[in-house]
Structure formats: structure tokens, C-alpha cells
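Next come two complexes built around chain A: one with chain B, the other with chain C.
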Partner chain A sequence: MNWTDNDSHIILVGILCAVACALPGCFLLLRRMSMMGDAISHAVLPGLALAFLISGTRTSWTIFVGAAVAGVLTAVFTQWISRYGKVERGAAMGIVFTTLFAIGLLLIERGAGNVDLDAKCVLYGSLELTPLHLITFFDTFLVPRAAVVVGGALIVNLIIIALFYKELTLASFDPALADTQGFRPRLMHYLLMTMVAITTVAAFEAVGSIIVIAMLIVPPATAFLITKRLPILLALSTIFAMSAAVLGHLSSHALPTLLGIPETTSSGMMATAAGIIFLMFWLGGPEGLIRQRFGKRPLLQPDFKS
Partner chain B sequence: MWVASIVFDNLLETLLLSSYNTRLVVLGTTLLGTAAGLIGSFLLLRKQSLLGDALSHATLPGIGIAFAVMTSLGFSGRNLPGLLAGATITGLLGVILVLAIRNTTRLKDDAAMGIVLSVFFGLGVAILGIVNKLPNQSAAGLESFIYGKTASMVFADFLLISATLIITTIVCLFILKELTLLCFDDSFASTQGFPVIILDILLMGLVTAVTVVGLQAVGLILIIAFLIIPATAARFWTHDLRKMLWLAALIGGISGWLGSSLSALLPDLPSGAIIVIAAASIFIVSMLLGPARGVLPRYQRHRTLKKKMGRQHLLRSTYEILENTQDTHPLRNLPIPIDKLRAHRYWSKGELKKLLRQARAEDHVERQPSGAIRLSESGFGEASRITRNHRLWELYLIKHADIAPSHVDRDADMVEHLLGAEMVHQLEAELETEDHTLASPHLIET
Partner chain C sequence: MRPEHPPEFPVSVHDLTVAYHRKPVLWDIDLNIPQGTLSGIVGPNGAGKSTLLKSCLNLIPKTSGEILIYGKPYEHQRDLIAYVPQRESVDWDFPVSALDVVAMGTYRKLGWFKRVGKSQKKQAHEALEKVGIGHLAHRQISQLSGGQQQRVFLARALVQDAEIYFMDEPFAAVDAATEQAIIELLQDLNKRGKTVLCVHHDLATVSRYFDHLVLLNMRIVASGPTQETFNRDNLQKTYGGKLQLLDDIAEALKNVGR
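After this line comes the complex of A and B, so read on.
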């Protein structure tokens, strides 16, 4: 393949997006709410539609706010249903996001039928198109607009995690203890949900929802197979997310060409690459299937020395 | 006036299924809702509701691959059975991977589902990206798998849906006992020699069948809603599994029927969305009003219990104060200062005021001059009965239940409210053979 500026831009956006998603994804994983990214990326539709219908424009700010509000509401409704209705959280999430998605479809169909807003163009940005919207940054660098949006989300996430690291950790591992220590675990829950909602919305508006959902879940899950310590979990999932972005883009162009078939979308292949990295560690990692099946068992060594 | 008559004619036409196409769509979605409600109940009880989500996304690469394979072999790429076969294969593969990840790593269900969902969907998008650029055939129609094409359901689709419904129902009824055991206590099932993994895969096979069929009929999001919402709504109405299965199937059927009829009746309403919203409305009503687990009935029960406990605490405290202040036997019903009563259980002023108001309304307590109260005739009887029950419990717990005497008072307080009259008689008979005095164990402790 011929390396062009486009490729660097796509990889830059891909890496920023992957890391911005992987960081909050670690906390989602610890709270067993990994499916939240998927739920939010579907549930923002009514927010987008309403923001559009009310403001009448497609400027990114109104759309962004509408979507982010809908994303946070998804988390709130899920929490309500599972708390007051005593419904298992996965089911509550499923109810909320399918219903919101349906309402969004309805709004778009009824309210914006003859305007150029359809579910697909709203829901799926495209990584391939990011190099088309370039802006100058600090008067010198020409970077894709998406890189600025996603990079902004990444910086916000980094700041929030740095500021509330202790609180987020405690609230993820032991909400009851956090409560008794006065750390407001519910506040932390909603902070995390807001973080996920903003990241999801910012990223998929720029690059499409597939990367977002995959990067929220797969790199943290891969890192979780290797370590039991949170700082290492965060670091490793950042590395895996970056590798998946780079490998995904390369393979989307190189792999099909080798097989003599057309090139394909980078975002799909980035998700696939993340999956392949997971598969490698699932099979060959320190607690991997191969070790489980054929390795020695270090546990329960009797200690007879006195 | 004529608008109304047109709407009315349409209404009759739709509800009575007189138009052929409408009839197919309405019947098809109703049947699909019924099947999905039934299967979804097991998913809900197995705490894997979102598996439908993972599964429906995991079918995408199968559809793409099937399309590519059929095209390269020279067939039409849009051959429905071929596409469905592809979808089924990768869907099942995805589900098996979810189970495998869950069983062999420290990762939980949600992560396992998320991994399969996102990676398979990404792979599917990548494959469709390639397929779209292949010469000869355009893969444009494949998108209907994501959004569904409810309104254009044809007779073949209808037959497929009916067959799936019948098969899943029969299989479900055949292995109802095993599935029940699997959902409620899988470790027990496994110790009893039931093949838990095979049962799990069988259940997932049923889910896959419903999902794949539903996917092409009503789309990816709607089929997820069909698998989750009716079952969850039914759970609010009953604690009985069989009743819940019936109800879930019914709710699924009703929302399918209602949604597709409405969307046929009014122009520009996407049927998939309307069906989901119909199901969600039923869910909201169920969550609020369902007698078994609904929010309002539960709140009502909670309030009733709280009231009962408050009454019992008040009467027993009064009785205990009477006992402490006089030595005579039988006990005389004397007035008691409210302050003394308050100190006895450390009530706050507001709490005690509320309790007393309630007790006066129930005619258990009479107000006396200078800040005192006195038990009424019926209140006195009730108070001695409650105190007696309480002490019976305490003695029972000490003598029979190996519970440390220092913990008895608290336990007795809580359990007493659940005691029926019959149980009390039984205890009395048991205890009076050993011990005739009803001394409070607080004395025994010292």
C-alpha cells in the first residue's frame, strides 16, 4: 500500500478515539456495565432528533448536547428501572435503549421526513471521511476536525480520571465502603456515565459507532486477562487500544490486497483487530486457555520444609 | 366527519385483517412477539437478556460471508435461506464464544457479550465493505437485515416465522423442567447430572432461531426489544414460572399485534418503532402496577408492614411500662406519661406523635389530661397479646434455635411481625410444657 497523509490522519484519529474510549471502558468493565457503550450509542437517537427538530440546524453543538443528554438519560433510566423495579441491569439497559431508539426512529420519520436527517447518517460517522474535514491547529498543523473532537474527549477523560482516580476506584470496587467513607458512589456512577456518554457521542459523530463500542470493551477486557491491578489495567488497555487502531488500519488495506479482493473499512477492521488481540491473550496469555490446559499448576504446592 | 369515517373504515379493515398484506404483517409480528416473549423469559431468568443483542449483531458477518460465497458460486447473493444459514452459523458461533469466554476467564457476562458483539459487528462491517466493492452483484439489499422490512413481509417469511414459533414452543415445553432448573439453580442441576452446558447451548439455539428469523422480518433493534421487554414486563405480574411464560408470550403477541396494526392504520409510522413503543408502554404499566413485583403494590405492602410494626412496638412498650411500674397481678390499665413512653424506645417526638395518632384512629389508645395516654379496652387486650407473642418468640429462639440470647431481642422484633396465629398456638403448646412463667429473657441474661 502507498502511505499517504490520509493514512496518517486516519491512524491519528483512530488512536485518539481508541484511547479515549478504553480509559472509561476500564471502569465500566469493573462495574460490569460493559454493554453501556452499545446501549448509549443506540439510545442517543431521540436526543439527536429532538435537538435537530428544536434548533432546526445540524450544527454540531446542538446535536452534541442533545445526544449527550440522551446518553446520560439512558444511564439514569437504566438505574431507575433496575433499582425501583428490581430488574436485572442488563435487561433494564436493553429495555431503555431499544425504547429510546424506537422513539428516535419515530421522531425522525415523523418530524424530519423531508429533511436530510436519517438514522444512518446520524448514527454512523465514517473514519474514511475524516481526512476530508481538515482544520489548522496552532496555525501550523493541519489535522482532521475529528482528531480535535476526539482528542478533546480524551483530554476531558484524562482530567476526570486524574482528579477522581481514588473515588472512581473505590466506587467501582466497593460502593458500600465508598458510601460509608462519604465518597458518594452514586455521584461517581453518574460522573462515569456522563464521561461514557460524552466520549461515545463525540467519537461516533466523528468516526462511527463500531470503533467506540469495540474500544470501550475489548482492550480493557484483554488487559483484565493479564493483570489484577488497576493502574496496569489502564496502561495496558491504552496500549492494546493503540495497537488495535494501527493494526486495524493497516490490515484493512494490506490484508484484502494480499488476497486479491478490494480494500475495506478501517473502523470495522480496527474492531476486528482488537478482537484478534483479545483472542491471542485469551489463548496464550498467562492465564490463557493453553496454559490452563497444558501448563503446570502452581497452586497448592505442599510446603513441608520446617 | 368524512375523516372520521375513513379512519374508522381503516380501523375495522386493519383490526379485522381484511387486507391481505396487512394480515400477513400483523399475524407475522404477533407470532414473532409470542415466540420471542416465551424464549426471552428464560433469558431473563438466566440473567442474560442482552445475549439477544450480542447474538443479533453477531449474525452480520455470517450474512456477508454467505452473500460472498453464494455470489462467487454463481448463485444469486440474495437467496434468503442461504443468508439465514450464514446468519445462524456466525450467530451460534458468537453465542458459544460468549459462553466460552465466561466459563474460562475471569471476565463476566457483560464483557463477554460486549466483546462478541463489537468484534463480530466490526468484522461484519469489514466484510460488507469488501462485498460492496465486488463486481457483478450489489449488496445493497443486505441492509434490510439491520433495519428490518416489516411492511413488506411476504408469505414465505410468514411461513418461516410460524414454523419457528411452533418448533420453539414444542422444544420449550419438552424441556421445561430442565430449563427451569437451569435458570434457577444451575449448580444444583449440574450436581443432579443434568448436562448444563448442553442445555445452555440448546437454549441459545432457540434464542438464535428466534433472533435470526426475527432479524430479517423486523430488524436488529426490534428483535432485541422483543426478547427483553415482554419477559421483563411479565415478571412484575407473577412469581409462577408457567404463568410468567404465558404472560410474556401474551404481552409479546399483543405488542406485535398492536404495533403493526397501528402502523398499518396511520401513514408514516415505522412499524418496528411502534411495536417497541407499544411493548414499552405495557412494560411501564406492568412496572407500576404488577401485583407481584410492581412498584406501587410493593410500596403499599411496605407501608402496611411498617404500620403494623409501628403499632406493635407502641403497644408492647406501653404494656412493658405498665409491668415495670406496678407489682400487682392482674395488671391494671393506668395512664402513662408520653415522655416516659418516648424514653422507653428512644422514639423521636414526631415519630411517636404519628404512632399515637394512628393508634387513636384504631381505637387502641385514649388521650388523657396533662400529656398522658391510656390504653383502651381493646388496646389493652391487643397489647398483652403482642407482648405475649414476643416473649414466646424470644423463649423459642433461646431454647430451640441456638441463637445467642444477646441477639434474641432484635430477631424477635423482626420475626414476630411475620408470625401467624397458628404458629403462635403451636409455640405456646410447645413452650408451656417446659416453662409456665413468661419471664422476659432480658432477666435471664443477668
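After this line comes the complex of A and C, so read on.
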């Protein structure tokens, strides 16, 4: 294949997006609420639409804030419904995000009419188009605008996780102890939800919500197959997310020619690549299915001391 | 300040009512836990034992009433408190080691943003040694037995270095060696003048382990020194007509010869 600047740009955006999602995704996984990423990434739609209708512009900031607020509200509503309505958490999540998503679609179809806010674009994104919006960065680098936006979200996530690593871990593992020690586990919960919302909104203009959902869930899940240490989990998730982005883009070029099928989208292939990486480790990893079935694994050391 | 709840009591509960979905779980609880006691909360399933403990720690909303820790609201006294939740309340597949979990007990003193350093790790290690599983410090927590997991929780409470220890069924489903280790630990805390408030379910061991009892079944049936409160009359009131249990009670009373 011919490697062009476009390819570099697409991969750059893909990597930044994948890593930005995978980091908060680790904490979602540990709290057993991975699907919250799915919910939030759908539910930002009415926020987008409303912010657009109220402000009448498509300037990034109003839209960004509107969508992020809607994302966090998803978490708030889910909490309320499951707590006061005695509804199971997953069901509560489903009620909230489908309703919000539908409202968002209606708002866009009805209100935004012919304006260039496209529901399809929200789902699938337009990764291939990112090289069309280039901006100069530090006066020297010419990078896609999307890379700056998504990179911004990544930096925000990195800062939050670096600052609150201990607090996020404690609140995820043992919220009751966190509470008795005064560490505000609910605040930590919403901080995580805010991270997810910001990342989703930043990413989906460029890459669509499918890849956001995939990268929130799949790389952390793959890493969790291999390690039982949190720092390594974060590192491995990052690596898997990056690999999925690179492999996804490469195969989006290679596969159609190989199989003689029409062109595929990079973001779709990145999500698929993440799934394939998961499959590989699920089957062939150190604790994988193949070894479980056919390999001889030593028993855990019995502990006679206690 | 209330005259009936003077501040020398580590835990004072005044007029507490707790309800889930408008169904009362605890009703009009009035209670003082004396300084330096090993206090057990005893009662049948669904009596509200854990709820009472969690209410003291402000973990669940009160419908009415007030709880004071050394005469002040809980929020001002967090430094004085250590909490051992029920073992099933956390996810033991969580990717942390035994040492990491014990170090969580130091977070309060560390404060926001600061990282666990050498001195916290050392404290955590010492606490693990004290509960007899120092050699398992770097095991991932899912690779520990139930008893070992319970010891990790106790070690974590130890590094919190508190005045009052709230424990939710620490003896539940542990092996005999662990049970012995826990009771030695409680007695050690007791010797150092700490107060322990412990939800307990095993009537056979109540009188050996605790010097102060709270008999609970939605209301307080009795509260006071074990010698005065642990008798057939009170137990019958607490456990009602549950025949199977009454047999257990008979057995338990026989053990203490009363």
C-alpha cells in the first residue's frame, strides 16, 4: 500500500482516541459497569442537539459542554432510577440511555432539520475525513483538528487518573471504606462518569460512538485476562488500544484488496481489531481457553501456615 | 449535648429509626457503648445488625435520630474510626495485592492526592505479619482463602490505628485458626483500651468473646454487660419462637452454666 500523510493522520487520531477511551474504561471494568460507556456515548446525543438548538451554532464549546452534561446526567438518572425505583442497575441504564438517545434523534430530525448535524455521523464517525481539517500545532506540526480535540481528552484523562489514582482505586474497590475515610466515593463515581462523557464527546465527532464503546470496553477486558495488577492493567490496556488502532487501519486497507470486497471504514476495522485481539488472548493467553483445556497447569500452592 | 448520652461514650445512638422503602428496619434505637468494651451486636437474621453498624458510620440514610462518636457527629471523628466490612461486600477479583488492600487503611492519614510510600507499605507489612499472613503480602487477593481475606481486612483496620473498631461479621465463614487469630487480635485491641463494636451471629461463642452485648431485633431487646444481658429471657425475646434457635440457645446457655 502507499503510505500517505493521510494514513499517519488517521492512525494518530485512532491511537489517541483508543487510549483516551481505554484508560477510564479500566475503571469502568473494575466497577463492573462497562456498559455505562455504551449508555453515556448514546445519551450525549440530546445534549448535542439541545446545545445546538439553543446556541444555534456548531461551535465546539457549547456543543461540547451540552453533550458532556447529558453524559453525566445519564449516570445521575441511572443512579436515581435504580435506587428509588427499585430497578436493577442494567435495566435502569437501558431505560435512561435509550430514552435520551431517542429524544436526541427526534431533536435532530425535527429541530435541526437540514443542518449539518447528522445522526449517522454520530454513530460511525468520519475518521477518513479527519485529514481534511488540519490545523497547525505549535506553529510547526500540521495535525488533524480531531487529533487536538481527542488528544486534549486524553491529557485530561491522564491528569485525572494520575491525581486521583489512589482515590479512584479505593472508591472502586471498597466504596464503604472510602466513605468512612471521607474520600467521597460518589464524587469519584461522577468524576469517572465525567471522564467518560468528555472522552466520548471529544472522540465521536471524529471516530463515531461505535469505536468509543469498543475501546472503552475491549482493551481493558483483554488486559484483565492477563494481569491481576492495576498499574499493569492500565499499561496493557493502552498497548492493546494502540495496537487495535494501528492494526485496524492497516487491515482496512489490506482486507478489501485481499478479499475483493468494497472498501471498509477504518473506525469499524479498529473496533474489529480490538475484538480479534481479545479473542486471541481469550483463546491463547496464559490463562486462555486452550491452555485450560489442554495444558497442564500447576495447582495453586496450598498454604499450610494459616 | 444530651445528658443521657455524655461524650465519654465512644458510640451513642439516640432515637434512631432506619427504613428501607418505608419499611422500618431499625426502630427507636437508644444505645450507649461504653469505653474500652468488646461489644457484640447479636440478633436473628434480618434484625438490622449490619444496618445498625452502617448507620453508625453514616453509610446509610437515617429516617430519624442521631448518632454521636465521643459526643460529636461522625463527620468530625473520622480519624477515630476503623471499619471492617462484610467480606462479601467487595470484589475479590479486583487487581490488587493483599499489601495494596491493607495500605488502603493508611489513606485517611495520607490525605487526598498523596501516594502510598515506603512508610505506608512498611505499616501494611507489619499489620499483615501481626495477623499471621506476612508471607502472602504480594498475592493477588483472589488467591487467598476466605480466612486469609478476612485477615487482610483486619490488618487494614489495624493500620487505620483507630479508637473505635466497627466490624461486620468478622467471624463469618472463617477457619478455626483464623477465628482464633481474630479473637486474639480483638483482645489485644481491648487491652490497649480500644473499643470494638462487632456484629456477631454465633450464639455459642458470644459469652466467651464479648464483655458487652447489644441484643437486637429491630428494637433493642437488651444492652449491657454480657453477664447481665445474656440470659434465656432476653434471648427468647430476641429470637422469638424460632425453635431450632431456641435449642441453640439452650446449648449456648449450658456452656456458660446459666
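Simple rule for what comes next: the second predicted complex is superposed on the first by the 287 of 306 C-alpha atoms of A that agree within 3 Å, B and C clash if a C-alpha of one lies under 4 Å from a C-alpha of the other, contacts with A are read in each partner's own complex, and residues count from 1 in each chain.
The working rule: a residue touches a chain if its C-beta (ideal position, glycine included) is under 8 Å from a C-beta of that chain, and two chains touch if they have at least 3 such contacts.
In this text the structure is predicted, and so the values were computed from the model without any measurement.
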| item | value |
| --- | --- |
| Fit or clash between chain C and chain B when superposed on chain A | clash |
| Touched partner set for A:V156, first chain B, second chain C, both or neither | neither |
| Which of chain B and chain C A:L250 touches, first, second, both or neither | neither |
| Which superposed partner A:A214 touches (first chain B, second chain C, both, neither) | first |
| Which of chain B and chain C A:R32 touches, first, second, both or neither | both |
| Touched partner set for A:V65, first chain B, second chain C, both or neither | neither |
| Which of chain B and chain C A:A102 touches, first, second, both or neither | first |
| Touching partner for A:I226 - first (chain B), second (chain C), both, neither | neither |
| More chain A residues in contact [chain B versus chain C] | B |
| Partner chain in contact with A:V148 - chain B first, chain C second, else both or neither | neither |
| Touching partner for A:M93 - first (chain B), second (chain C), both, neither | first |
| Residue range of chain C overlapping chain B upon superposition on chain A, of 56-64, 92-100 or 218-226 | 218-226 |
| Residues of chain A at both interfaces, chain B in one complex, chain C in the other | 32, 86, 224 |
| Complex contacts: residues of chain C adjacent to chain A | 21, 54, 57-59, 75, 78, 81, 83, 85, 89-91, 93-97, 100-101, 104, 107-108, 110, 112-116, 132-133, 135-136, 140, 142-143, 145, 147-148, 151, 156, 177-178, 181 |
| Contact set on chain A toward chain C in their complex | 30, 32, 86, 163-167, 169-170, 172-174, 176-177, 179-183, 224, 227-230, 232-233, 300, 303, 305-306 |
| Contact footprint of chain A on chain B as seen in their complex | 44, 47-50, 52-53, 101, 104-111, 113-115, 117-130, 133-134, 147, 221-222, 224-225, 227-229, 231-232, 235-236, 268-270, 272-277, 280, 283, 287, 293-295 |
| Sites on chain A touched by chain B in the complex | 29, 32-35, 37-38, 42, 81, 84-88, 90-95, 98-99, 101-103, 105-106, 109-110, 113, 119, 210-211, 213-214, 216-218, 220-221, 224-225, 252, 256, 261-265, 267-272, 274-275, 278, 282, 287, 289, 292 |
